[in-house]
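Comments concern the structure below.
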Amino acid sequence: MINKLVPSLAEAVNGVKDGSVIMISGFGEAGSPIELIHALIDQGAKDLTIVSNNTGSGHVGIASLIEHRRVRKMICSFPRTTNSVVFPELYSQGEIELELVPQGTLAERIRAGGAGIPAFYTPTSVGTPLEEGKETRVFDGQTYLMEHGIKADFSLVKCEAADRYGNLVYNKTARNFGPIMCTAAETTIVQARGMVELGELDPEAVVTPGIFVQRIVEINHPLDESKLVSENWRYPWN
Amino acid sequence: MINKLVPSLAEAVNGVKDGSVIMISGFGEAGSPIELIHALIDQGAKDLTIVSNNTGSGHVGIASLIEHRRVRKMICSFPRTTNSVVFPELYSQGEIELELVPQGTLAERIRAGGAGIPAFYTPTSVGTPLEEGKETRVFDGQTYLMEHGIKADFSLVKCEAADRYGNLVYNKTARNFGPIMCTAAETTIVQARGMVELGELDPEAVVTPGIFVQRIVEINHPLDESKLVSENWRYPWN
Amino acid sequence: MELDKNKAGWSKEQMAQNVALDIPDGSYVNLGIGMPELVAGFVPEGREVIYHTENGLLGMGPEPEEGKEDPELINAGKKYVTAIQGACYFHHADSFTMIRGRHIDVCVLGAYEVSERGDLANWSTGKPGAVPAVGGAMDLVAGVRNIFVITKHITKQGKPKIVQNCQLPLTGKGVVKRIYTNLAILEVTQEGLVVNKMAPGLGFDELQEHTDAPLTMASSSKKSR
Amino acid sequence: MELDKNKAGWSKEQMAQNVALDIPDGSYVNLGIGMPELVAGFVPEGREVIYHTENGLLGMGPEPEEGKEDPELINAGKKYVTAIQGACYFHHADSFTMIRGRHIDVCVLGAYEVSERGDLANWSTGKPGAVPAVGGAMDLVAGVRNIFVITKHITKQGKPKIVQNCQLPLTGKGVVKRIYTNLAILEVTQEGLVVNKMAPGLGFDELQEHTDAPLTMASSSKKSR
């Protein structure tokens, strides 16, 4: 029987290795799988490359992962947000690498990684400092850059509901990078606000087909990351 | 006020010109917008390039469009289906062009066209006769082909329900090429089995966001193409 | 002649209204963070405009009432928003299909600098050591059909923001179509910057003086309305 | 020695069962049109296998009861099918993301010819004037992790289908992993074709005689079960 539900956060993040490439869903706090990230901190893997739109806020979630010196390199579009303190400090000290990627190019690179497309051409960032070192090519008189697909060893994704096959639906703008990141990892690990029976998700409205998901952990009441940040919490809690 | 509903099939296909590139949704008969295709026959444009998975069956729908000598070129993956008689005959006489594209490459080229991606690399059809004339390139030791995005002047698409903004949902496997074709045309023309009020479609379950749709015509009881084919109907009906 | 360039001319709200008047009925519009957001408040009666936010919502509505904020319903600036009837959600790749695929009609952005050829610099102050952050700005300028810039005509230090050549790192080359400042509305054309309209009480020479690129008057331009 | 090669060995159903036994629990599987479809009928008790059809359905179920056919619920062969509990629908680009992105575990296909290096010819008979039609075959062989071929060992004319070099236009190069015929189960390896199992009553020499490529016995292979 197919049942992708695992009983604990620790089992969910089992097997992450030093040096792994990990995609983490979310746009700011919306859709960020904070419990999975904290489980990853507990798990201990280091030298990670993290692919995520932002670098986290305050001292929880991705920011805490970075603060614990587990991250060698960030691939993201917007590393500087309100309340983002950890990354900027390490970055200015030269202690963390940054690959800055325009948001749409980041999304398309992740989608390409998941779709078996090794590279594609895009008009985005042509003529800007971000085209540096990239191949350009003219199609129909317009210049484009070649960009490469990105694959990950693991994706950590937050969703609203899941069934045991791994079919997922999301909530509003918390969907953001989740569906494409599910497609681009060898092992996709999902935290779901609720598990439902097979057939409860409308087959016309499933956003992530189960084929893209390997493990699910149920977190009925995920932490409100914005609140933790505004109250200045730090993970681990002690 | 935004209202993409047009009152008639004739108005829906208005403006198609000789030489237009037209995408037509459907996989076999499922999802094929037969009323729009017949309206296009009535409209009279010729020298068309048609992008569609198949070449139609019997003497209705795409087959009838071809039989009326309106199609200069087909871009498709499977031009030969049971009951496909019109295309094979014209093809064997050298009276219609064929660009044969593997189905997944066809889908990805359409998606790329809609997403502003002029070209991408794919492993599909490397080492086969279909790689002929195409650029190859090695990434990470594996050989890929470069394929180009396809754009259309018009897309003709069938869906299940639409609202006045052009948000669409589909029915089962009749979805197939519809959503990506909606993104890839200058003007997307949809036939919907039913119009619904704004807000009736679940915003989490909309498959085609309205931004990709320009015109909708309501066809509550579309013809059953398989039945027409098996009963050997011909369009026009007389 | 000295005028208080930051206070002179149109107010922020009037600038936003100038932009809103130029957005046709039925447009799909992406508004940048900050001053561009004001544009949504000035859509003329009878026009329906649909707002896209690149984090996955088409049909963005106004801020929620207090107490109705949903942390999973935000805009690209990470502020709480609402969704209108007829809205829909989608993932990031689909969202940037809308942008890169030229499906968005208008994007209104702020600027550090705009050149007479429509080059835009609005993502990096170029300061060494600062953390660079680009977000969706480069995608928007590369993909949206009409890029409108809304900005003060000069910096707080009195330096022109509209220039012959941008000094700061570019967001995009030759991408801006029209510039809405507190002093004027400028069109970027093949022949350079054309003044479509000037703020009330402002003379052409004054405007030129505060612009680091040659201006020409549009034949049909009105000095004010 | 002459044996009736078309009747000898395993039946179609036994061939399908041989394939089904090699598909692990929890696999995502795409079945080609024709003989491959039989495989779905032989999934061993206790295993759950999910079927993908490239026209946009994951969780394809068996044929519908008579009278319950839905023209908008079909498989890649355009036959009426059903959807299981837990199925979902998607568009063609997403469907081929599953294929090209190596998310499908097993694809079972028919063949005109298979070479000892795993080259597959199954889309074109190469006859001049015929309408070429490829469908999703090239995408499947390029993207699916395990390509299994199910085919009669020889043609109706008695010609070997398993050959040193394919004569017909290729669907893919070096893509086939295992070949299930009425006479044997063959593994494609770096060292050539290895016999995993032979049909009951068949000798190795006989098998080799009807195969246009050198075979070796797997050390652990059983002559029958």
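To keep things simple, chains are lettered A, B, C and D as they appear, and every chain counts its residues starting from 1.
In this text, a contact is a pair of C-beta atoms (placed from the backbone, for glycine too) under 8 Å apart; a residue touches a chain by one contact, two chains touch by 3 or more.
What you see is a predicted model, and the numbers here were worked out from it, not measured in a lab.
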*asked:* Touching both subunit A and subunit B, which chains are there?
replied: C, D
*What's the overlap between the neighbours of subunit A and those of subunit C?*
B
*Between A-D and B-D, name the chain pair that shares the greater number of C-beta pairs in contact.*
B-D
_On a C-alpha centroid basis, what's the spacing between subunit C and subunit D, in Å?_
57
_Distance between subunit B and subunit C based on Cα centroids, please, to the nearest Å._
37
*From the C-alpha centre of subunit B to that of subunit D, how far is it in Å?*
30
_subunit D: positions in contact with at least two other chains_ = 83, 89-90, 93, 96, 99-100, 142-143
_Quick check: what residues of subunit A touch more than one other chain, meaning two or more?_
108, 111, 115-117, 122-123, 170-172, 204, 207
*In graph terms, nodes being chains and edges touches, is this line, ring, star, complete or other?*
other
*Where do chains touch, given as pairs?*
A-B, A-C, A-D, B-C, B-D
*Which of the residues in subunit C come into contact with subunit B in the complex?*
25-26, 28, 46, 48, 50, 52, 58-59, 83, 85-90, 93-94, 96-104, 142-143
*What residues of subunit B sit close enough to touch subunit D in their complex?*
27-31, 77-82, 87-88, 91-92, 98, 100-108, 110-111, 122-130, 170-180, 207, 224-226
*Mind pulling up the subunit A residues that touch subunit B in the complex?*
108, 112, 115-123, 137, 139-140, 142, 144, 148, 169-172, 202, 204-205, 207
*Considering the complex alone, what residue numbers of subunit A touch subunit D?*
1-2, 111, 113-117, 163-165, 167, 183, 198-199, 201, 203-204, 206, 209-212
*asked:* Under the stated contact criterion, what part of subunit C meets subunit A in this complex?
replied: 53-57, 70-75, 78, 83, 89-93, 95-96, 99-100, 119, 124, 129, 131-139, 142-143, 169-174
